[in-house]
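Several structures are given next for inspection.
One chain, subunit A, links the two complexes that follow: it is found with subunit B in the first and with subunit C in the second.
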Partner chain A sequence: MALSAVLNRTVMAVATLLGVAIIVFVLIRVVPGDPIAMMIGPGASASDVIALRAHYGLDGSVSSQFLVWFKSALVGDFGISITMRRDVLTILGEHLPATIELAGLALLVAILIGGTVAVVGTLTRGRRSGAIVDAVNGIFLALPDFIWALIFVLLLGVAVPLLPLTGRIDPSVQIEFGTRFFLAESLLTGRFKVASDILAHMAMPTMALALPLAAVIGRVLKQALTEAMVQDYVLLARIKGMSELRLILGEALRNAVGPTLALTGVQATFLIGGTVVVERIFAYPGIGNLAIDAVINRDFPLIQGLVLLFGLIFILINVLVDLAVVALNPRLRYG
Partner chain B sequence: MVALTRRDVMAASMGGVIASMLLPGRGAFAAGDTLTIAFNVNIPSFDPTVGLSAVNPTIQAIYRSVFDQYIGQGPDLSWQPGLLTAWGWNDDKTKVWMDVRKGVTWHDGSPFTPEDVVWSLERAAGKDSGNPIQFIWSKIGKFSIDGNRITADVLSFEPTLFMWMGFLTAYVLPKAYYAKVGADGFEKKPIGTGPYMVDQYEANAFVRLKANPNYWGGKPPYDTVVFKFVTDATSRVAEIESGSSDVTLEIPYEEYDRLIKKDGLAGVAQPVSDIGMIFISNVEPMLDKNVRLAAIHAIDKEAIIKKLLRGYGIRIDTLEAPPYTAFDPTIVVAHDPKKSIELLKASGFSKEKPVKFTIRTTRGLKPKDYEMIQAIVGMWRNVGIEADIEVYDIAKHFELRFAHKLGPAAFYNWGNATGDPTNSTGFAMFSFSPHSAWKTKDVDDLIGPLWGEHDEAKRIAGWKAVDKYVADNGLVIPLLQYVQPIVFKKSLAVTANQSGALQPVWIKKA
Partner chain C sequence: MAEAAAALADDVRGATVSIARRLLRDRKVTIAGGFILFLVILAIFSPLIAPMDPLMQDLSNAELPPVGFTDAAPGFWLGTDDLGRDILSRLIYGARIALTVAFVAATLAATLGTVLGLIAGWYGRWVDAVVSRLVDVWMAFPAVLLSILLVAILGSGLYSVIAAIVVIDWTRFCRVVRAETMAQARMDYVTAARAIGFRRGAILAKEILPNVMPVLVALLTLEMGIAVIVEAILSFVGLSVSSDTPTWGGMIAQGRQIAHEAWWVLAAPLAMLCATVIAFNQLGDGLTRALDPVLRR
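Right, the complex of A and B next:
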């Protein structure tokens, strides 16, 4: 039964990605914007244009171009970027780890902050301090990530310049990494000074991404905890003399976390999408920043690769969330 | 034995992370003699001869740091020896000759030779090369080398050939190295003969350049130059204001005025070879000369420059900016709203019965582009022209222009670092160019003979006549020559480049 569920999910994922690939392939060739028109010289003749289109594989019909692309994609060849003139898969592989580290750190920070807010809010429910916690959380909820980004740029980048403003690592660091996971690798190899520099560069974009998500987690988890706190098993534990904090963390949390986890998973996909604007503001070299340039320059192969990558990430996140929810709630397990 | 709980492990890990954050982070690695530039574009590819980046004027600042051009260009747009020390035509202009500089080495230490020049020119001329300026490079061929002199046949006379040798895609690449490593290898580790060598490149992040100690033009001012790719203008302002970068450019003029008043910062705002203009297409209602001229006379360019651009701009009445070779100061199109009203009245239009059309513009691509068009539309409304504004991105502009579907009016900025009229009036007004919007035979008949005109004085006079004709008939709306704001630390002395390329060799210590 579990195997059939896995197969089912896999088939759905492949079908989803294929559908996305077809739709995006057609759309980007139909909407205004022609990379050849953008680069053609002022004195180019009609034959020059034809030659340039052929050079970039843009001379056939949309369907023939798709077939060529699809056949290559099946063997892992997603084409050559028009602007960067390198293999699309390699480019994505170079940029994705930066976004994974940024989004991963933002998710972790969001869970920590959101969880703390929820616990504190539950502890102080019904009191004035609880209302203050709710109000502050409401403000955090109202501000989108790019506004936080600009606030941090002004406060921590310019007014009190504590943190580096742009980039992923100090440009004077000699980048001698085996992988593109700079933060993880520097921590694991004991290069703490480099790790510190990377974390300093990631601090503002991480917080900009984390705070809105933290506010969502805080609100939803607090609501779930409040409901759990009036259940019989919690009342029993309270009668037995457990402290309020232990009640929340030890009894109520494990039942409250399920719905929050599902919502966090959905929000995490938005977080990945949010990296596009935040990475641009902080000149952070992840797939978000790459996507903006690809769209501006109508780099068709790169746009295609990026959309498929985003699609794959969303699918994987949803699978992971489903697995986590099942792991935490035995009632949902089957097989 | 000490028993560790899960809580202890988590606390220790968190403590480690926090402790590592408290270690020196910001600027801990900065080396001494380093110039850091917060740059406004990314460099997507290191091949300066093919693709979209090859025709991006701003990226030339990086390309010219790593590679040399056949012919050099000074910050005042004057031509200088580059990898060619001398060049010219034979008497009847059927051949060209070029003398190649001696004693130059590539960044890997191998010698630069005339074969590299020939190979680079032949490669650029290839139909399959992907070089967007192939149409120029293909005009010479059948190269021969005699010592340090190269000669070639003129396959099709191009009066601006040697100017193009200091312009877009005109870079000499290493023949032997390129053959050895291929296109991929060259992208991973590019080498040139330029003043700086690529030390580290992180796409969409930065490129770090190291001084070429054997540069034929002398040791560059800085040991290390870092171009940080900061495409967001707000972030560039923050970079310079916080001291994270030493120089930045292309920031809003109001921010420029604010920053240069701060302690420790200075600025230079100099006109560059970029112009702002409105394309007019030969479609209704623009087929009516009265409508075209009325639209032009209604625009108060000085007011736009003064109020929207804080005085940073120079009004122009032709597509030739003042530094251009064919600039004619006698061609003036006055701001005269009364004349606009009379012209429109003659065609049956008025404020009560306005002529209507759509004008397209980008928003945020150039300083106050959208706001300028808004102001112009307001000026038009006062004389009897009702224009709707359609905002689009630059990619759509290129596509529409290529398909001759720009519509009656469209804002654009045009760059011409050669200063030659073929590269502004020529390609903007000649109907066979994919870059033109007004496509009529009368203009083609004027321009056609000039492409192959051997007599330089006659050629320039011819272009001035074209500009006069275009202005008298209102076939395009030139607006202004742009000014490029550059902000830098007071410890620096920056020589602004009229082409707009911020080259580190012209940034010195004050």
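Right, the complex of A and C next:
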């Protein structure tokens, strides 16, 4: 996959995003369930209803509504949330940093755990302990983030209540943040007590998201490492007397990372999808939790904004993975 | 010719027997298969097996812990929820929705995906381009969000949940079947069938489909596990069947609310969900292992 191919895929992805936006826009409007009827009291007059419809851009045909929405969206105006009665873009901006920090941390943890599992699995390959590592990894592969989240609720929230069960930060913490990136900001400004409180809140959702991804990384990377370990350059290094661990970390890993990244990059997008339900379980104030509320309340402008935002994140992750694969494999750089 | 056909039939029978033997010898498969069979029996005969009415509320017996813990009441083996309903009975009835969704949704998704995959893999060119592009578009979106969106659009209920799973997960089958069909289409037996003068539809249905079947069966089993999870997630969010019908996901949502006071309300359905998902997964893996050598032979 050369750079031109990456560019090509990105263009296709943007076209896809536009298609998804149109489909969602039409679908949520043709089905029964009127958001205006839900927000308005029984005493409202017919003219009030009409005025409200106009206010939220819900009058006119679906196609004309879409044109209006699309024109405003191009200049960054995504309308006003019906349930929160505030600007959609502002709401998204308030919730996105929480999800970015959660997903970023989960990705980091998944790489660390998955990498360790792969290295240990490669060291113990062919032995009984290696079979146990594989079997345990298999269980982790089978169970999704939803189940892990609830297991953690029971174990670390209820049985041994070590960690806070809900939210992003303790309500008693009275600190003004300059940004919405609470964790990054408190770490950078040296407020480690606050940071540790935030980390305690993030620990369970992070682990729930990280474990299934770690299992995938562990399996794919171990496969790639095992294949690399029988290559000539590893044999040469072995003859030179390198230890098995140094062989794996110093020689095999460099060549195994590329294929692993290509195979697991897509899995990283599942992480974003997983935040939806995991954030719900831990009442974590990110865009996933927001999305469920928006759908249940039929908040059209907010749903529309969220769909676009999720789509954009997916495209971004895919492009980044593609670029990283190209960067890691010199043979792909020209072609 | 007749002899050859008889010999072939013998071979097929022999292969089937050897697959069955290999499956029965695989302890993971027998345990997983046994558990799913047990669930099927629970689901079919729930009125006979369940000790109590799963909907009967009794606030004087609310939040009783499972038998063996202090304050437990006899008869409520796994305790009661905050409305005093018997957890064990609700768990048993919950198997009905879980298995209905697993079997129906997975089978329909497999059917849709297989038909499109066969067509795309066989006809190639623009047909393949259209189907493949559709799969890419579909997979580019977070499945959980898409299913919640779909059910919100269709209205909650069992049919919507099944429809959402089918609409989202047909891509898994389509991708694999398409690739497998392309590989099979290049094989000599397909060329032979063409030379004899078989029609395209007949070749697809009678020659290629049976050869794609092993992959399909394994994938179908794995999909059943996924369907159980999706139903639980939708129940958890409150978008599956009405709260009058006991579901594991609904019980989990309820248990999450009162996890601090009554952990068993969450633990019981969660354990059931875990066991079911792992069982479908192990069965799928076992089928893949058992059927693979046949494919390569």
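Convention: the second predicted complex is superposed on the first by the 305 of 335 C-alpha atoms of A that agree within 3 Å, B and C clash if a C-alpha of one lies under 4 Å from a C-alpha of the other, contacts with A are read in each partner's own complex, and residues count from 1 in each chain.
Just so it is clear, contacts are C-beta pairs under 8 Å (C-beta built on N, C-alpha and C of every residue); 3 or more make two chains touch, one makes a residue touch a chain.
In this text, all values refer to a predicted model and were calculated from it rather than measured experimentally.
Superposition model on subunit A: subunit B and subunit C are shown in a clashing arrangement.
Of the two partner chains placed around the shared chain by superposition, subunit B and subunit C are both touched by A:L150.
Residue contacts after overlaying the shared chain place A:T16 against subunit C, while subunit B stays out of touching range.
For subunit A, the partner with contacts to more residues, out of subunit B and subunit C, is B. Legend: residue contacts after superposition of the two complexes on their common chain; A:S45 is shown touching subunit B, with no touch to subunit C. Contact with neither subunit B nor subunit C is seen for A:A184 once the two complexes are overlaid on the shared chain. Contacts of A:A291 after superposition: subunit C is touched, whereas subunit B is not reached.
In the overlay built on the shared chain, the residue A:G311 is in contact with subunit C alone; subunit B does not reach it.
Touch criterion not met for A:L58: it reaches neither subunit B nor subunit C. Judged by the touch definition given at the top, the superposed model places A:T269 against subunit C, while subunit B stays out of reach. Of the two partner chains, both subunit B and subunit C are touched by A:L165. Among the options 56-64, 164-172 or 200-208, the segment of subunit C that ends up inside subunit B in the superposed model is 56-64.
Within subunit A, the residues touching subunit B in one complex and subunit C in the other are 32, 150, 153-154, 157-158, 165, 280-281, 292, 296, 298.
Contact residues of subunit A toward subunit B in the complex are 32-45, 47-49, 51-52, 54-56, 81-87, 91, 94-95, 150, 153-154, 157-158, 161-175, 187, 192-193, 195-197, 199-201, 203, 280-285, 289-290, 292-293, 296-298.
Of all residues in subunit C, only 136-137, 140-145, 148-149, 152-155, 225, 229, 232-233, 236-239, 252, 256, 259-260, 263, 266-267, 270, 273-274, 277-278, 281-282, 285 touch subunit A in the complex they form.
Of all residues in subunit A, those touching subunit C in their complex are 12-13, 16, 19-20, 24, 27-28, 31-32, 138-139, 141-144, 146-147, 150-151, 153-154, 157-159, 165, 269-270, 272-274, 276-277, 280-281, 288, 291-292, 295-296, 298, 303, 306-307, 310-311, 314-315, 318.
Per the touch definition, subunit B reaches subunit A in the complex via residues 17, 20-31, 34, 36, 38, 42, 44-45, 47, 50-55, 127-130, 132-136, 183-184, 187, 200, 202-206, 208, 224, 226, 228-232, 234-235, 238-239, 241-244, 392-396, 398-403, 423, 426-427, 432-435.
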